[in-house]
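Paired with chain B in one complex and with chain C in the other, chain A is shared by the two complexes that follow.
Up next, the complex of A and B:
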């Protein structure tokens, strides 16, 4: 019990004094996961729309597959990306392994299914009356898309928030393709909140782990609060 | 997938503005050199001298060799002579230089339920196994991660007359494979009040958080020799071989040998590693391996 209380006190100090190491790790986590979320949004929203509005054979099975991949294990994504970008792998020439970029790629792949699936759900949740009205008003394909997207924007935003949450909280892929590097420059390091918590706990640096954990939770909370605010506007 | 990689590659590079003039050196290392902070200490000196950036991937010798074989790093720092020899013979590594050594120790709970204190290493191992089979208080935590320490442990089981995969692995709940680095394994052994094999450096660095004590620390079998080597640029032409060479030569330079010999003395009251240069005979390597800079 003493250890936990002591840990919390030390952790509060680390956060309150803006400990440079802790802040750098938190900032890196946000940058990596935010970039991954943007990349995944750029892919999953058009993809989700195409699947949602398209009519083709196997649509149901495809949606089922996407939903199954919601729980894609992070270490499997890590392993897959590792094999692809390792020097002897097909994309080895790009020298991406053990860089923040590698973590961004892995997290993008990781959250694509859930973001695509939630986009499909968001679009199919739009009131059918609105669809019919748009049709009857003779909307062009583009006008139709834009208006439906507008209607579904909050639900899509929710998909983005869920994607970001999954990205910033995963540890398996980040450690496999990032390597948990603490370099002297910010941009070359690959230590994130989750990989650092894993390491610091194993090294017995409990206060640092708690501090990092508090920040991770605060980020998740902050994102959700922001989303809720937007939704209530 | 290709498109995806390209997209991410582009967005990713914006977060990665490495100054062009700084060279990057990627090192895959055994966990002990990283957990003790020795590598951290030496790389900050190196970074200033060579205007380079050192990226350390701490992984255990087995994984480090794997990264090296795949061409994902420029330099290896490992401690498993037998596998290093294979690695060199296969042409993946070149220019091995030995820079440090210390000893493995067998540590365990102070109560020492197996009663191995002061025994010969292989005798102690055999006793732990025998007692572990019947007494549930006798537990051994293995690295279980194909690291150099794990290799040494397997050699000791073999030396004690056991077949590792049939007599030890899966022979009972007394034998646990952690699958983790040295520091994490020490923490686990501490929680479980178990025995484990550790390099002395990591043990000293973690001792503050541990209740485990040294029980066996004598015997030639416990020697632990660290080397640095380059990944062969003939295998991977775009590897950063100049800076890799600088690093290996740096490790056997007089100044760094002094740094290694004195590292941790102020904090732990004894060195974590010994410099290899003057003791090459004692540790069974050639003089060239500890003194000759790579041309």
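Up next, the complex of A and C:
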């Protein structure tokens, strides 16, 4: 019990003094997950729109598949990307393994299904009369899409926030393809909040773990507050 | 201008329209009236290219609109539509109304001018910066109307535009419909289940029943000479009595359960018909009232019910069949009638409209 309390006190110190190691890890986590979220947004929003407004065979099954992949295990994504970019893998020549780029790719793949699925839900949540109104006002196909997106903007932002939340809190993929490396330069290190917590805890370095945990929670809380605000619009 | 030929629509196994045929002239106000579920909305949606018919043709200005998809956008841009339950874009009133103009590439200065003008027309001047979702139902419907007319369409389609609205908004919208039609020559097609609204606004009405137009004509024709028993009931003819045509000294009469009623009809003896008599054409006199005007149908009966209705009373008399008249309160007092009173009911043969029973 005493150790835990001591851990909290130490953790508070680490945060309050802006401990350079802790801050670097937090910053890296945010950069990696934020980049992954941007990449996933650029793919999932057009993809979601195409699926939502397209009519093709197997549309229902595709949406079912996407929803199943919401709970895609992070280590499976990690393994998949590992196999693709490892030395012997098809993209091995790009030497991406154990780089932040690898983590970004893995997290992008990880959150694509949930973001695409939530985008589809956001678009199908738009009142059908809105669609009819846009058509009857003489919208072209593109004008129609842009305006439907505008109507669904808060729900789509929600999808983005959920995607970021899942990316920053996952550990399985980051550790498999990132490797939890603390190198001399910031850009070639791959230690993130989650991988660092798992390492520090196993090394008995509880105060650092707690400090990193508090920061991770604070980020998650911030994302949640953002979601709540969006929902109340 | 708008020509519907045998237009049919079914959704899966549900048949909504079976064969709608009508011609709506340019510059006309045409009301589609009919009971709920008769297919009014579906017909308007087909005209606005929001749905595809399963049969028949709709031509606008000679173009078969559903068979020339490459002209779809141009055709759609000729029309504006107001929906029964309007949907607001989640932004300001200004942006809501500007949408159609933006689609057409109108410049911002011109948009500002037009939005201001149209807001004034719908009685919402100064509402530009309000959030559209905070408006009341009546205000929102006026914004929806503004949104549709700001693009100055050739054809304005309105699906039950005043259903469930407050009387102020209804009056404003009705007034605006007449004005747009008069000032701009806009062809207006609207649906309503309120037959009096059809009468107030429309040059012609089409009575849509069971997926077809049971009758198309001027409001006066439809109200005084309904084409069938069903139309008569829908347009509010209170007395509809079934009988059979008989021949009586060369002039025609109808036998209603042993009672002869003189009425003009084009039908031959033996034909099963229904008699439609408007209650305001029926007079009630005391049983000893002496001679009624010659030539009128005179029936004796017993007052079965007196029900107040606004400033009038609805008096139902049992003459072997039930017949209902509308009298002022004063008239009821003067006649000194109450339930059970013996009275004489009379109406002219010209007041009887005879339709064939299906």
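By our rule, the second predicted complex is superposed on the first by the 225 of 233 C-alpha atoms of A that agree within 3 Å, B and C clash if a C-alpha of one lies under 4 Å from a C-alpha of the other, contacts with A are read in each partner's own complex, and residues count from 1 in each chain.
Throughout what follows, a residue touches a chain if its C-beta (ideal position, glycine included) is under 8 Å from a C-beta of that chain, and two chains touch if they have at least 3 such contacts.
Please read all numbers here as calculations on a predicted model, not as lab measurements.
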item: Chain A as common anchor, with chain B and chain C clashing or fitting; value: fit
item: Chain A-centred angle between chain C and chain B, computed on Cα centres after superposition, in steps of 10 °; value: 160
item: Which of chain B and chain C A:200 touches, first, second, both or neither; value: neither
item: Touching partner for A:105 - first (chain B), second (chain C), both, neither; value: first
item: Touching partner for A:134 - first (chain B), second (chain C), both, neither; value: second
item: Which partner, chain B or chain C, touches more chain A residues; value: B
item: Which of chain B and chain C A:170 touches, first, second, both or neither; value: neither
item: Chain B versus chain C - smallest C-alpha distance in the overlay, whole Å; value: 33
item: Chain A contact footprint on chain C (complex, rising order); value: 45, 48-50, 73, 76-77, 79-81, 83, 85-87, 89-91, 99-100, 102-104, 144, 147-148, 151, 157
item: Residue ranges of chain A touching chain B (in the complex, touch as defined); value: 31-32, 35-36, 38-39, 42-43, 84-88, 91-102, 104-105, 108-109, 179-185, 187-188, 202-204
item: Of all residues in chain B, those that touch chain A in their complex; value: 1, 4-5, 7-9, 11-18, 22, 24, 26, 35, 44, 47, 53-59, 70-73, 180-181, 183-184, 187, 206, 208-209, 236, 238
item: In the complex with chain C, residue positions of chain A that touch it; value: 127, 129-130, 132-140, 143, 147, 150-151
